[in-house]
Amino acid sequence: MTVQWGDCDPADIVFYPNYFRWFEISTTELFASVGLELPAMFKAEGILGMPILDAGATFKRPSRFRDVITLESGIESWGTSSFRVAHKVLKGDVEAVTGHEVRGWVVTDENHPSGIRAVPVPDHIRSRFD
Amino acid sequence: MTVQWGDCDPADIVFYPNYFRWFEISTTELFASVGLELPAMFKAEGILGMPILDAGATFKRPSRFRDVITLESGIESWGTSSFRVAHKVLKGDVEAVTGHEVRGWVVTDENHPSGIRAVPVPDHIRSRFD
Amino acid sequence: MTVQWGDCDPADIVFYPNYFRWFEISTTELFASVGLELPAMFKAEGILGMPILDAGATFKRPSRFRDVITLESGIESWGTSSFRVAHKVLKGDVEAVTGHEVRGWVVTDENHPSGIRAVPVPDHIRSRFD
Amino acid sequence: MTVQWGDCDPADIVFYPNYFRWFEISTTELFASVGLELPAMFKAEGILGMPILDAGATFKRPSRFRDVITLESGIESWGTSSFRVAHKVLKGDVEAVTGHEVRGWVVTDENHPSGIRAVPVPDHIRSRFD
């Protein structure tokens, strides 16, 4: 990935919420890499999305316009109805940012007041990442 | 509205796609100002949104971090199944940006291949703006 | 603040990186509330910005298009050359999101290889928040 | 390019200001494709950026989460101290969006009240695109 002009702020470094935007993309690509294209998976599993429960990042080095960065992401752990993704942003071999997302697994449920219900992540999804 | 840090680019001026983001907000507020809160109106009219058909802007003066700007918006003309909104961004009395959006009026239609169908803007909507 | 159309994703809830965008705005407004307008403060203190060192959030309830939310922010603690801001997003009286930012205090220094140098937050800045 | 979750709105189509964000990226890549990496070019030419003067787009077909789109961009015409870039967004062979950007060529000038001054685009820049 290349850092673009609109990703950067007046200090000429990446405006930090963009890293979370990239974490979200990297989670999508992680699922795609094991054959789970999200639009098809959402439809097949009866879910609207994978709601974010927690997210965080530690920023070690800034990146600038036209810097080339690499995102590395993997499932760190599985909860009952959630999972945690670990993210790293690398500039060359150097860790620039580390972070995580915890996402829930919820199905739509018209009988539930909120319209959704947390359920266990299906085994056929989890097993793709083993 | 106050221009914020994350709205600005390394040249220390507003990154221009943000003006279109603000046009969209100003269109929403224009409808709210005549009593049409969009979520309720979308539900009542059976529409998913007001799809953009055309948008443009002319940029006369840059704005910077913490500049206070004002948006002025109004319906410029009504088409059969669309309408044109004129937008102005003012810094004090000075026109900083002028622009427009043309938006369609489409209802969901399960019998149509695309799932949507353009229809005339209802009179009870148009009359609110007279 | 009102949640806008462009803040929301296809699940019809706020796309989570926007909360960090709002944290950033709320930190700016927190400084403004004690008389420190950031562009003037940056110039007076010889700094380019307040670089983010760490950020995180826990998401308890989703917000939707046209929801009205309130941000509450305060300095939680002062480090030697950094400070931690606590943020809350409220929907009515309910905590929807809690989060934090840790930001550094760095001055430009042409003699330093990186061009910047971490220094203690000046007392005349800290005392504004007491 | 792949359309991502955060690019889309509650109608499950791309939120239109993102197309202008992509136009900006495509202009940057257009310059890179003729050997002009913008950070180096900005430094060599004594400019802060290429300020936007006018932008517009016509939206023919929506794009959705995980759609693969292609951007085609080229210099359409040269003005004295500006240039016009034509952009196309293709989904397969179909034109989904057409648009343009007019950008100025301005150098920093401390003697000028605004701090910048419009100048002719240098021949060694223009000739790269012939």
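As written, the chains take the letters A, B, C and D, and residue 1 is the first residue of each chain.
Heads up, the rule we're going with is that a residue touches a chain if its C-beta (ideal position, glycine included) is under 8 Å from a C-beta of that chain, and two chains touch if they have at least 3 such contacts.
Owing to the predicted nature of the structure, the values given are computational and were not obtained by experimental measurement.
The set of chains in contact with chain C as well as chain D comprises A, B.
Counting C-beta pairs in contact across A-D and across B-D gives the higher total for B-D. When the contact pairs of A-B are matched by residue number against B-C, C-D or A-C, more than half turn up again in C-D.
Computed from the mean C-alpha positions, the centre of chain A lies at a distance of 28 Å from the centre of chain D. The distance from the centre of chain B to the centre of chain D, each centre being the mean of the chain's C-alpha atoms, comes to 22 Å. The set of chain A residues that touch two or more partner chains comprises 5-6, 9-10, 12, 15, 17, 21, 24, 49, 65.
The touching residues of chain A, counted against chain C in their complex, run 9-13, 15-18, 20-21, 24, 48-49, 51-59, 62.
On chain D, the positions that touch chain A within their shared complex are 4-6, 21, 24-25, 28, 37-39, 49, 64-66.
Those residues of chain D whose C-beta lies close enough to touch chain C in the complex are 5-6, 8-10, 12, 15, 17, 65.
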